[in-house]
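Two complexes, one shared chain (chain A), two partners (chain B, chain C).
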Partner chain A sequence: MNLTYFLFFICIIVCTLIITYWAAKRSTTTNRFYTTAGSLTGFQNGMAIAGDFISAASFLGIVGTIAINGYDGFLYSIGFLVSYLVVLFLIAEPVHHLGKYSLGDVVCSRFPGIEMRWMMAIGTFMISIFYMIPQLVASGFLLRLLLDIDYSISVAVIGGLMTVYVVFGGMVATSWVQIVKTIVLMSGTFLLSLIVFSHFNWSMTDFMQRVQEGTPLGEQFFQPGHLFGNPLEFLSLQLALVLGTAGLPHILIRLFTVRNSLEVRRSLMSATWIIGLFYIMTLVLGLGTVAILGYHTLIGADATGNLAAPLLAREVGGDFLLAFISAIAFTTIVAVVAGLVISATTAFSHDIYHHILKKGKSTEKEQLVAARWTALGIGLISTLFALRLETINVTFLVSMTFVVAASSIFPVLLLTIYWKRFNKIGAITGMLSGLLASVTLLLLGPNIMNVDGGWIQREAVIPLYNPGIIAIPLGFLGAMIGTLAARKEKKDNAEFREFFKRAQTGSGRESA
Partner chain B sequence: MSAQHDYAEDLRDKKVDYEAVEQSSQFKRFLDNKKKFIVPFTVFFLIFYFTLPVLTSYTTFLNTPVFGDISWVWIFAFAQFVMVWVLCTIYVRKAASFDKKAQKIINEQINKGGRT
Partner chain C sequence: MDDKISLIMQEKKRFLLPMLIFLLVFYFMLPLSLAFFPEAMGRMSIIPGLSWGWLYTFLQIPMTWLLGWMYHQKSKKFDRELEEIRRKGLQ
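Our next item is the complex of A and B:
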């Protein structure tokens, strides 16, 4: 590793640790630790949401996918973007009105009880951990590829940093690390996009001409149909992408970090602008890679295409720009995994420890201590897992997250907020059927059961890599059947009235 | 008032007569307006979103060029971005007016115990 790289990395690490030190002094109450006590502005939270959402897989993966598959790679990002409309129109404000720290709070404000809290805590915990481990594994590979650092050292450094941020700085540090990441990521990709355009003297015709020459697909590069052979598979993926975000706990708990519903809307408005502009820039970078480097150089360096953006940076800006883009990728990873640590921590220390084990009676100080120890435990255990799981199929766990979120947490949240007849039994069966259906279908699918190279070397029972199109309806169906099978209690209806009023108007929310 | 508000207790103590709030024409109008806004827009953006993958998967007529090398698939893809930003803006504007009405209901009815 030469001096340029070293300086960039030290700079990032020192900056984020200063943020953490500053945040640690402000994380003295549970309210601040879990939600920054609602102190962020809408725009700050929007940047943090983007920082929480855009993973290194998006940044490097989508650029590579566009470079290899052309148009179809771009379709991927549209699903991620439109998913924010689902969050904004249907989920965001009610979640903000109803919850305090966790999604468990949201659902339990309508269906109080230990069973319900267990379900929400387990769902949140599972989704956050299963998303975090592949991110850590991918980061280990990434840093090895970029900087020639040993896999275990990279994982240990990133795992250590995310743990330090959350243990000492809680949500305050996490938010600001994510904000810094968004600023660095957006300015870096913007700079790189400008350099790409300048390479063609700002002529779109030249640019497109060179893209066609650079790819073996020729003119076909600009047409759909290269990435997804099976239309059903493609639609299933798009369904999971568009509904998945509205069930991702680490994104939804960010809605508690602002003061009121106006700021919630501003958060999502800023987030969609940032994320949308980011995906347009990834398109430029993907096309730029093909035009400037060519398909064969890219595939020659790494068959997955994940190195597209770094290689492009080196080609147009030498070692310095490559060091800068690598530092951005590094920041991207730590910001996302820190968001996942805090979301898993909240599910454990707030829902399980405070509400279930201590029956909601632990003191402020005990809660804060529990939260910090939980964050430490989660950070260490996930890092250890990531160190051991070097050979795990990363894409499987990432696609799993969206499918599981869209078929368990999303249906339960949606029905809790809007369906009058919905009851506790339905919410529990909904979570269970969504979790079981999505996990089982993924296990029976070609990610695991594959004739060539699967864990189980047999023909897959379910031929879909993304079983969202089956699992999501099963989640809703489970919730509805459970509801209708349970004896109708008159009380439910009366309670829904009050609940509904609060969901819709925000009455009775603790003003932070 | 804590965020873990016990509504059942409210109901027993008759602190707030939520039923009266719900039956009030003010609240009904509020919900109606909200529903009339959210439902059509949600249906619209879901259909708009799924039309693109359905058309690119099962038909090829979007592949025809519009001007130069740019074909309909690209126009439609960028239209999705525009749609997201436009709908966001519309929602944020509209919701500000809902906020005012909600605040009015809270002030006039819920805080007074629903006895209007």
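Our next item is the complex of A and C:
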């Protein structure tokens, strides 16, 4: 590793640690630790949401996928973007009005009780951890590829950093690390896009011509059908992507960090602008890689195409730009995993420790101590897992997160907020059926059961890599059957009307 | 007071439902049209150099921004009305 790389990395580590130190002095109450006490502005939170959402898989993976598959690679990112409208229209404001720190708070504001809290805490915890471990594993590979650092050292450094941010700085540090990440990521990709355009003297025709020369697909590169052959598979993936975000706890808990519903909407609108512009730039970078480097150079370096952006940076800007882009990728990873640590921490220390074990009676100080210890524990355990799981196929765990979120947390939240007759049993059966269905379908699918190279060397029972199209309806169905089966007496509508009013306007919360 | 709030919520529903349906139709028509009319989607669109498939995909991005903005504008109005009701309630 040469000096340029080293300086860039030290700079990022030092900057984020300064943020953490500053945040630690401000994280003195649980309200600040879990939600920054609502102190972020909508735009700041929008940047943090983008920072929480755009993983290294989006940054490096999508650029590579576009470079290899052309049109279909770009389609992938559209689902991620549109999913934010589902959050904005249906979930965001009610979640903000009903919850305090966690998604457990949201559902328990309608169906109080220990069982309900357990379900929400387990769902949140599972999704956050299952998303975090592949991110850590991928980061280990990434740093090894980029900087030639040992896998275990990379994982330990990133795991250590994310733990430090959350243990000391809580949500305040996490938010600001994510904001900084969004700024460097956006400016870095913007800079690289400009360099790519200037490479072709700003001529689109020239650029597109070179893209066609660079790819073995030729003109076909711009046609659909290279990545998603099976329409059902494709539709299923799009369904999970577009509904998944509305069930991702680490994104939804960010809605507690602003003051009111105006700022909630501003957060999500800023996030859609940032994410939309980002995906347009990834398209430029993906096409630029094919045009400037060519398909064979890219595949020669790494068959997955994940190195597209870094290789492009080196080609057009030398070692310095490569170091810069690698540093951005590094920041991208730490910001995402820190967001996942805080979401898993909240589920454990707020829902399980405070509400279930201590029955809501622990003091402010006890809660804060518990939260910090939990963050430390989660950070350490996930890092250890990531160190041991070097050999697993991580891509399927990432897509699994969206399927699991869309078929468990999303149906329960949606029905809790909008369905008058929904009841506690329905919420519990909905969570259970969504979780079980999505996990079982993934286990029976070709990610695990595969004749060549699967964990189970057999023909897959369910031939879908993305079982969203079956799992999501099953989640809803479970919730409905549970509700109808458990309905004993006819409850009067007044209670739900009151709840609905509170969800939509926040009226009860402000008077309390 | 409660009646007024219910009225606002009904109006919100009437506004949101068509937007939501439009969003889902507009979005899911993309994968469906690619699956069922791949040839038409590959043909040149009204914009030179851009096929219908690309045009439709690109349109999803401004669509997201536009719908988000429309929702935000309308919600501001609801927020103002609710604030009004709350103030009157306090008096």
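Methods note: the second predicted complex is superposed on the first by the 502 of 512 C-alpha atoms of A that agree within 3 Å, B and C clash if a C-alpha of one lies under 4 Å from a C-alpha of the other, contacts with A are read in each partner's own complex, and residues count from 1 in each chain.
By our rule, a contact is a pair of C-beta atoms (placed from the backbone, for glycine too) under 8 Å apart; a residue touches a chain by one contact, two chains touch by 3 or more.
Note that this is a predicted model, so its numbers are computed, not measured.
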Is A:Pro473 in contact with chain B, with chain C, with both, or with neither (first, second, both, neither)?
neither
When the two structures are overlaid on chain A, which partner does A:Arg502 contact: first (chain B), second (chain C), both, or neither?
first
A:Pro463 in the overlay: touching chain B, chain C, both, or neither? Say first, second, both or neither.
neither
With both complexes superposed on chain A, which partner does A:Gln238 reach: first (chain B), second (chain C), both or neither?
both
Considering only the touch criterion stated at the top, classify A:Asp105 as touching first (chain B), second (chain C), both, or neither.
first
Using the superposition described at the top, determine whether chain B or chain C touches more residues of chain A.
B
Give one of first, second, both or neither to describe whether A:Ile78 is in contact with chain B, with chain C, with both, or with none.
both
Once the shared chain is lined up, is A:Gly377 touching chain B (first), chain C (second), both, or neither of them?
neither
Where on chain A do the contacts with chain B and the contacts with chain C coincide?
71, 74-75, 78-79, 81-82, 84-86, 88-90, 93, 205, 208, 222-225, 231, 234-235, 238, 242, 261-262, 265-266, 268-269, 272-273, 276, 279-280, 497, 501, 504-505, 507
Chain C to chain A touching residues, read off their complex:
2, 5-6, 9, 12, 16, 19-20, 23, 27-28, 30-32, 34-36, 38, 41-42, 49, 51, 53-54, 57, 60-61, 63-65, 67-69, 71-72, 75-76, 79, 82, 86
Over in the complex, which chain A residues touch chain B? Could you list them?
71, 74-75, 78-79, 81-82, 84-86, 88-90, 93, 99-100, 105, 108-109, 205, 208, 219, 222-225, 228, 231, 234-235, 238, 242, 261-262, 265-266, 268-269, 272-273, 276, 279-280, 360, 491, 494-495, 497-499, 501-502, 504-510
In the complex, chain B touches chain A at residues 1-5, 7-8, 10-11, 16, 18-19, 21-22, 27, 30-31, 34, 38, 41-42, 45-46, 49-50, 52-54, 56-58, 62-63, 68-69, 71, 73-74, 77, 80-81, 83-85, 87-89, 91-92, 95-96, 99, 102-103, 105-106, 110
Touching residues of chain A toward chain C in the complex: what are they?
71, 74-75, 78-79, 81-82, 84-86, 88-90, 93, 204-205, 208, 222-225, 231, 234-235, 238, 242, 261-262, 265-266, 268-269, 272-273, 276, 279-280, 497, 500-501, 504-505, 507
